[in-house]
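Take a look at this one; I'll ask things after.
Each chain carries a letter (A, B and C) given by its place in the written order, and its residues are counted from 1.
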Amino acid sequence: MSSVAKMIETIETEMDAPTQEMAANPEHLRMIEALLFAASEPLDQKSLSTSLPEGADVPALLAALEEIYQKRGVNLCCVAGKYQFRTASDLAFLLRKEQPEQKRLSKAAIETLAIIAHHQPVTRAEIEDIRGVAMSKGTIDMLMEIGWIRIRGRKRTPGRPVTYGTTEAFLVQFGLESVAHLPGLDELKAAGFLEAMPPSGFDVPNPSDALGPDEDPYTGEEPEEDLATGSVNLDEA
Amino acid sequence: MSSVAKMIETIETEMDAPTQEMAANPEHLRMIEALLFAASEPLDQKSLSTSLPEGADVPALLAALEEIYQKRGVNLCCVAGKYQFRTASDLAFLLRKEQPEQKRLSKAAIETLAIIAHHQPVTRAEIEDIRGVAMSKGTIDMLMEIGWIRIRGRKRTPGRPVTYGTTEAFLVQFGLESVAHLPGLDELKAAGFLEAMPPSGFDVPNPSDALGPDEDPYTGEEPEEDLATGSVNLDEA
Amino acid sequence: MSAPDEIENFDEFQSTAIFADDQALRVAVDGFEGPLDLLLTLARNQKVDIAKISILKLADQYLEFIEGAKKLNLELAADYLVMAAWLAYLKSRLILPQEKSPEGEPSADEMATRLRWRLQRLDAMRAASTRLMGRERLDRDVFGRGDPEPINVVKLRTYKDTMYDLLTAYATDRVRRLGGKVYRPQMAPVLHIEEARERLERMLGRISDWSALDRLLPLDWSGGSRRRSAVASTLLACLELARDGKVEIQQTAPFAEIFVRDRTSTPVGDAVTTSPN
């Protein structure tokens, strides 16, 4: 048997898993493959479903497709909860492109991005506490401009500072299914490094897109009353 | 065996052809797959060859890849000696989104259409004469594009101008069985579209799909001789 | 105080911060991201687990570093000096353990633990940031479809124009053109049926037996279209009167002359009559 045939046999063996066996209609599989191949952006299950014939089992088709492409030069990836074909990461050496147009990030910006990603929702003061240094205004601005971070809410603490989080573009760029899939997140959590204070039994904040327990949704500028009556916010906190 | 597994088996069977068996190194196959996937334009064998490790058998790899993708939602296509992945042609409908839009013809367009309908076969000059205004090229083009009018012949007059008539789609749109069913003068009067006494010189012809007495069937571009010998046509007319 | 270049390998970065002589020290000061960063670098140079690092030793190294910088007249940001003062205080408390810490203040050990923890956390976040930046990035390491096939939005254009619109356009357009080009046509003469009937009714009792229709026409409606209109209207008026039983009409053959008899003055006769019904 040829080496290619062997590779295909491997795919076939993987495909014989009973879960996909029933649901993956081969015509639907061709369609979802074509849709994902043609798209320039990741597609979510809902938009795939509207393009496919009624009754197509999108999750099963995606699972089948993911397996078919697992060992290939192109893989099906889940990023930001959406699906996209991407070249296999081990082939980066073949395809790597330097991108002079992309702004090179400062060390401060990279660290800030990582802290926002892992600690979100996080305020500027909290970032400064972790890094032990005041943050220059430009750092946040630059990350916002690239589109990797966003203002996501306000913390219910005195002064009601804005909280930062990451965006979908961040997940797409770094190939993450969600912020919960950040590598090493569990270890950081276990070590208590995602907490605001040394471990002493406080609840552990997880990076999450959902509003935190002490976070309000961001609604632009605070009304002036709120800024004036800091005592009210103190009570709330 | 699952339907997907069957499909894969088919691919495998095709892949067992002895020609590809020797040459298609599976790692090289992954690479060429990734290169073609990521390329922003079709790639020729030479540029594929420079990107791949030395000794890669590009023609064999392309043949193998073509077979693997033959029955899939995406096919490897060769156009003008260059290779690219394209959506399988039978799935082109997936990449089409139909958006209904209701419109009305412009005043000039519907008047022109009405005159073509009633006076067919009619030349452009005749339309202009009846309407009393020069016609913009766009009007005829637009009616042709909608598919309501067609060039039906040439008039046996100097210059042999093309004659216009209506189409089947026109009859469908306006609910007519044939152009002969277009209302004539009396019916227009009776239905109140005309005053009881239309201006003198007002006649409503009886349109017909049959060739007019001074009309030749349309055969595309006129041969040059015909254009040159206008006198011959004059005699005929 | 940001490094000009993206430095994704922090080990590499930190190696530049190790100072062997005065020149290197200057470089190092410029390279640090604040006092905590400096402390972390010093801690890592102790080559032990940061969790077990000697805070006393670290404080000494830091204070030594600040002294060295002062001797070189290097401008140090205020927060470096604040940290130096704080470490000097912590050091004194660690060396001379008090039985009780001042009211509301953590013990020296707690302060040391807190500092150690912050160094660990910064170190962990540095590692996380290295991991993040080490990921394959879209359009740098991994690529989507280079030549995506966009969804074609096809406008399914339908037209609302109806037969009514078509005929209206035709009629108005043509009438307008002709109206503008040719003389305004005279209204063709019409003898209205009502008019003809009124006239006939006035004549009842004075119509001689079986008069030809032609002879009943108004005198001024002779000739051409005027006569045609008068004949048609008078005939129709006669038919209406016949229906009402006021006249009788007789025609011997198609297109033959039509005769009319007045029934109001003549008793019902036995002549051959053709009554329209």
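Everything that follows uses one rule, which is that a residue touches a chain if its C-beta (ideal position, glycine included) is under 8 Å from a C-beta of that chain, and two chains touch if they have at least 3 such contacts.
Since the structure is predicted, the reported quantities are computational estimates derived from the model, not experimental observations.
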Report summary line: Note: chains that touch chain A and chain C both are B
Report task. Determine, using the mean of C-alpha atoms as each chain's centre, which chain is farthest from chain B. Result -> A
Requested in this report: Averaged over CA atoms, how far is the centre of chain B from the centre of chain C? Could you give it in whole Å?
Outcome: 29
Report summary line: CA centroids of chain A and chain B: separation to the nearest Å works out as 45
Report summary line: Listed in rising order, chain C residues that touch 2 or more other chains are 143-145, 149-151
**Report entry** In chain A, residues with contacts to at least two other chains
**Finding:** 37-38, 85, 87-88, 95
Query raised in the report: Inside the complex, what are the residues of chain C that reach chain B?
Result: 143-147, 149-163, 165-171, 173-175, 177-182, 184-185, 187-188
Query raised in the report: Given the complex with chain C, which residues does chain B contribute to the contact?
Result: 34, 37-41, 84-87, 95-105, 107, 110-111, 113-115, 117-118, 130-132, 146, 173-176, 183, 188, 191, 193-195, 197-202
**Report entry** Complex contacts: residues of chain C adjacent to chain A
**Finding:** 1-8, 13, 33-37, 39, 79, 113-114, 117-118, 120-122, 124-129, 131-133, 135-145, 148-151
Query - chain A-touching residues of chain B, taken from the complex the two chains share - result: 1-9, 11-12, 15-16, 20-22, 24-26, 29-35, 37-38, 51, 64, 68, 71-74, 85, 87-88, 91, 94-95
